[in-house]
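Each of the next two complexes has subunit A plus one other chain: subunit B in the first, subunit C in the second.
So, the complex of A and B:
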């Protein structure tokens, strides 16, 4: 019964607040009073709900970033696992291939990079990075 | 000055846009990811950080054997600085520890990346209120480094950049002066040059001998740190506060006028 009354008040309140035009402040107070609404407590409750919603929303980007980061690391790991058993000569060859196939900007950036001066882990890691970035570029192209 | 302004503004904008309100919310890996750069840890032996970029995306690689959280976070902030500030210039960069300590513009882009990282990890609006009306010494720097999860060196540099007190920060390695910076509030004395031996009258010297910290402020003769040609008052004293960094065989000294 109490719940019915509450729901009823809520219904009337929403209905009423959606069109309070033409009423004076006193009339508004009287109408709300008739509906057993404690205005100040209602206002405070709405304010606190709005603040909580804003606070929850404030750092929502972190949740999305965390999920994207985990997904990206898994993809990097996936690429890396396929290169783990490649001998050095093959790694160098693949690095040169990717470097030459990359756009002119990246080719210039890697001009000074000499794989002969790098250890296997470093070469493998750069290849993984480049393949991953290339895949991302392809995804972007496909999505557009 | 232009170098630091551009970098600081860029970092500050990010903090504002991401609605960060507290140091604990500065999760630098997530900020990087949000901006398009994935942070990856790998056995990177030849550098302290690396950036590979393609278009709007990048991978930041940090050596997986850096266990100091502060150093790791600063390196990520530094590479992110290259990603944000040097979009049309840098697609591939390997940065050394020396690059991440270049605060004097020897290599302009490295200094910019350092200022960016400093502002990102220790935003002025959060950092400055924690410094005011507090005694300047290494105890305070350690406290701030804990609050912001930053390295002692990066925190001390940030302190020098924001404090209104005239003071200097001196970094010594293997018993010799490696670099120093003075703050904007006009610390007017000329500190001894890079490469000079740490003076026996300084606490830093004592710290090298004993691996002890002297975190509170202690009075030392100014001649311990100032070129004698520039010392016009032989009785002048400084207050010195020094921390030793045993893993780097280094000391970090905060110096201010008595």
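So, the complex of A and C:
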């Protein structure tokens, strides 16, 4: 083991000398200047790559959010289409079922809603909204 | 992109990090490959190319960084080292293939001055201009001569010999102030260049 260390001492030396830890900015600039390397064009290229990566990431997040939103709207639209075929008695039954199964906050918020005083379209809208809000609420619960 | 990684990317001083990485790669290439004059890999990649490729691999997520385990600089150094070896190995494989081609067309005679030996010599590739480990090891021994009786210099060399290469760790091991270790490092770098010239100049 000790012999291995001695055999590789040249590489340890390279590791030690190439580590810029502790160098001041001025020293670093002086050393790079001596090495005749293209510092500033490289720095600009790297900064531009970093900015582009951050921007791509931001757009990826927006695109994912937009895709989720579109998927949610399509799903709600699908539900609304299915509700179109239900008779009023079934619609009222669905509304009560969903309201009771919803979380406590939504159940309280919709407690005063009386489907008997609403037309079929309003009941369909309120069922779709309840489902949408229930999904949002579970998302929020998941995040916390 | 992981939010924690994104936060680090946004807060990093990329100018400083790029310069430090460039210093690391340039010094490494100069010490290992600099025998032939320029500081470039045998395949022609410059230190700037290696740094750019390193950052690009990190940003594209090809190399995953865990901020809780290693600093961004140390992580990028690891990527750069692996790229340097990759480019080196690639070139070495290509040159081995070239040598096989050369060898198949010459007589089986290794005597110096014969056609076979000339063919082998002519198949030498740029990476054979690398400062061999043996030369670096010899140079290290000479550094002890340069150190003479100077205690701090000797202590730093002893640490390097034991594989301790981080300045802060050397400071911890020897009790030297880390600024003193940095000062010794600057001297070692200067001395090493002279020593290598002495060893490699016929």
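By our rule, the second predicted complex is superposed on the first by the 84 of 144 C-alpha atoms of A that agree within 3 Å, B and C clash if a C-alpha of one lies under 4 Å from a C-alpha of the other, contacts with A are read in each partner's own complex, and residues count from 1 in each chain.
Keep in mind that, in the parts below, a residue touches a chain if its C-beta (ideal position, glycine included) is under 8 Å from a C-beta of that chain, and two chains touch if they have at least 3 such contacts.
All values reported here derive from a predicted model rather than from experimental measurement.
Of the two partner chains placed by the overlay, only subunit B lies in contact with A:73; subunit C stays clear of it.
Once chain A of one complex is fitted onto chain A of the other, the partner contacts of A:118 are limited to subunit B, with no touch recorded for subunit C.
Contacts of A:22 after superposition on the shared chain: subunit C is touched, whereas subunit B is not. In the overlay built on the shared chain, the residue A:33 is in contact with neither subunit B nor subunit C. When the two structures are aligned on the shared chain, A:132 is found in touch with subunit B, with no touch to subunit C.
When the two structures are aligned on the shared chain, A:106 is found in touch with subunit B, with no touch to subunit C. Of the two partner chains, neither subunit B nor subunit C is touched by A:93. Across the complex, subunit A is touched by residues 1, 6, 9-10, 12, 14-16, 18-20, 22-28, 30-32, 39, 46-48, 51-52, 55-56, 59-60, 133-137, 139-140, 143, 160-163, 165-168, 170, 178-179, 181-182, 185-186, 188-189, 192 of subunit C. Across the interface of their complex, subunit B is touched by residues 58-59, 61-62, 64-66, 68-69, 72-73, 76, 102-103, 105-106, 108-110, 113, 118-119, 121-122, 125-126, 129-130, 132-134, 136-137, 140 of subunit A. Contacts from subunit B toward subunit A in the complex involve residues 18-19, 21, 25, 27, 29-31, 33-34, 38-40, 42-46, 52-55, 57-59, 61, 90-92.
Those residues of subunit A that touch subunit C in the complex are listed here as 5-23, 25, 27-29, 31-32, 35, 37-39, 41-43, 45-47, 49-50, 53-54, 57, 60.
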